[in-house]
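Going in written order, the chains are labelled A, B and C, and every chain counts its residues from 1.
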Amino acid sequence: MKSTGTLAVKNVSKKFKSQEGEIHVLDDINLSVKSGEFITIVGLSGCGKTTLLRLIVGLESDYAGDILLDGRKLNGPSLDRGIVFQDHRLFPWLTVEKNVGLGIVGKTDAEKKEIVQNHIELVGLKGFEKSYPYQLSGGMSQRAAIARSLVNNPKILLLDEPLGALDALTRMYMHKELERIWKKESITMIMVTHDVDEAVYLSDKIVVMSARPGKLQKIIPVPLSRPRDRASIDFAQMKEKVLEEFMLHTEQNFNYSI
Amino acid sequence: MPFIKSEKIKTVAIGLIVPILLVIFIEVICKLEMVPSQIVIPPHKVVITFLELMNTGELSEHFRISLSRVLAGFVLGASLGFITGTVIALSKRSERIVAPLLSALSQVPLFGWIPILILWFGIGETFKVVFIAFGAFFPMLINTFEGIHGVPKSYIEVARAFEFSSVKLLGKVLLPAALPSLFTGIKLALGMSWMLVVGAELVAAGEGVGYLIVWGRQLFQMDIVFVGIAVVGCIGYLMFLTLNTFESSLMRWHRPTATK
Amino acid sequence: MKIKNIKLTHVLEAALLPATIFVAWFLASRYNVLPGNLFPSPSDVLAGFYEVLNDGSFFYNLNISVIRVLKGFLLGSTTGFLIGITLGMSRFLEKLITPIFNAIRQVPLPAWAPLLVLVSLGEMSRVLFIAMGACYPVVLNTFEGVKSVRHDYMEVGRMFKFSKVKCFFKIILPSSFPATLTGLRLSLSISWMLVVAAEIFMTSGGGIGEMMWACREFSRMDLVVVGIIAIAFVGFAMNFTMRKLERLFSFWRITLKQSR
């Protein structure tokens, strides 16, 4: 059966052993993600959001509970789940083209070339095929990393603060690009971030996590129509709603302020 | 911590497997006379010869002579290297004047100096000391220079802000900051000195551990050759260990970086 | 266009010391201040060079040395590369082999020469001697290179379900290659130093070192100087080439460092 990208996280807990004893990183996480949804996980540093992502992608094992993809339990990494890391992790000794083509398996050279070319165009890096990572800006590197993670047509793409290191303007531009790629590929995306603006701009659902141990605090649906307008009152109210979870909202209500 | 201790013991034990097997293997093939006894000798015979040479006092005499040569050459070469390195690191002009000549000289493979030095100084002590000094000079020079050159500008600016004199700047900022690099220089210089003393004693000496090895070869006594090799190896390692301990006690401020 | 930026005074400063030495040398030998047989004049050296060039012995010996060094270097560095990779890939083998490897490495290289003479393998003795010295830096650098492959990169491999073989060829090998190259550069320069040593310690195989050693016996200082200049020049050329190669193959790593 072909994967459709429906994910269910059930009662997942995770502990790390260290010299001082056990650290409870995740506690009883429950989450379900529908096919084609864009979910963001928002939380303070150290709340275990990256660990949750690594569990879903299969890079960490040894946890309590179940993580089911299309109703089947996960078993290690798989080509039907892609990940974009916070640091782009492009191999510095390979060109963009070679980096993007790195994960393609079971294809002829001609097919491979076509896939690589399509994905480079998808992320808007046409003309940079022969460039090396050190010649790219931060935003371009992340584009290449996104292209690399999409070559096997995964049904879920996990993004671990991929835009965290970019400047504010580039980041906003990348939001648009990510939304475009998400629509075009019709793929489930789960992104970890601590940028509330980013979360509201992109997500169908925002998952707010609290720290030590990492718990699901609240799931906030974002019913705004796309493309979203950062200047709209709805958008601002949505942001307030999320910030409230972190006790960071402004006290007076926006409705009175005009 | 008992966990870590047993892990350490295990690591040491694994490291001993190969040497022990090697010793047994050689003992066995010697016992069975599978190889000419002149080329491969059983390890226990090496130990016996070692003890004999120790008892007669021969070994410690050779060792004493080699060590005094190394120390003389090392102190001469390393201190000249240190002074030159400091001067050319502090003054751009002196760097421009001295650097071309020094880098040309450093291109000569060290053993190439042996013939010229013997012609100049004969085969006596002077030749050996100068030869060793040559070897100690360059690593010390390069590391002193790079150490002082590599001191972050920000430290120097701090010193400027406090209006340090140049002597105080050197003593309080530049040399302490360059200490890790100076130690690298000292270690390399001493290692090089030890290698060169053995080399010099191979070609021109009547005593010293290097001579001991040659002497064993001339007598076709493999056991003496092996005693010599083992002794120079162990002493070289002991020198290195001593310097390491000294270094870590002197540089407690220097965070032990996991060398990549 | 860099040349334009160099100041004339800087060039003069750089030329000052070599020029002074040259003039002093020339005058001293002209007016017989120094014994001529120990301090040959520049023209003596040139004449000597012309002599060995004409009778063919210069290039004959240089050729022997270069071929010898290449043999030793190739043998040693290939072995070193394989050992380095193996120790880097397997924790067990690392624990098993590293202690004995380090123990052997402590022995100053010249100490092996008499042993190799005694085993009497002829030319092979000299090649093995060089190969030993060539092996160490490649082992150490390759090992460090493999050990410091970023865990992050390995995770990318896991994400794409790379096999062990694919991980090795796609991640570990390219990522550690610059370190290996550094090892190879050091290895070649040690090899060149050791070929001179080998030709002095283990004579009768020809080579530029042996030529210098023989000239010492006949007090032909001019030819010793010719030899020194020749080995310095070849050493420099080898180092220069290796540095260029290192730059070429690890451009991504060097630019990565600079951009940080």
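FYI, a residue touches a chain if its C-beta (ideal position, glycine included) is under 8 Å from a C-beta of that chain, and two chains touch if they have at least 3 such contacts.
As the structure is a prediction and not an experimental result, all values here were calculated from the model.
A comparison of C-alpha centroids places C closest to the centre of the full protein. The chain with its Cα centre farthest from the Cα centre of chain B is A. One finds 18 Å separating the Cα centroids of chain B and chain C. The geometric centre of chain A is 54 Å away from that of chain B, both derived from CA atoms. Averaging C-alpha coordinates per chain places the centre of chain A 51 Å away from that of chain C. Within the complex, the chain A residues that touch chain C are 57, 59, 77-79, 82-83, 85, 87, 89, 91-94, 102-103, 105, 132-134, 149, 152. Residues 152-153, 155-156, 158-161, 170-171, 174-175, 177, 251-253, 255-256, 259 of chain C are the ones touching chain A in the complex. Those residues of chain C lying in contact with chain B across their complex are 10, 13-18, 21, 38, 92, 95-100, 103-104, 106-115, 117-119, 144, 148, 192-197, 200-201, 209, 212-213, 215-216, 219, 221, 224-225, 227-228, 231-233, 235-236, 239.
If you check the complex, the residues on chain B that touch chain C are 11, 14-19, 22, 38-39, 93, 96-101, 104, 107-116, 118-120, 194-196, 198-199, 202-203, 210, 213-214, 216-217, 220, 222, 225-226, 228-230, 232-234, 236-237, 240, 259-260.
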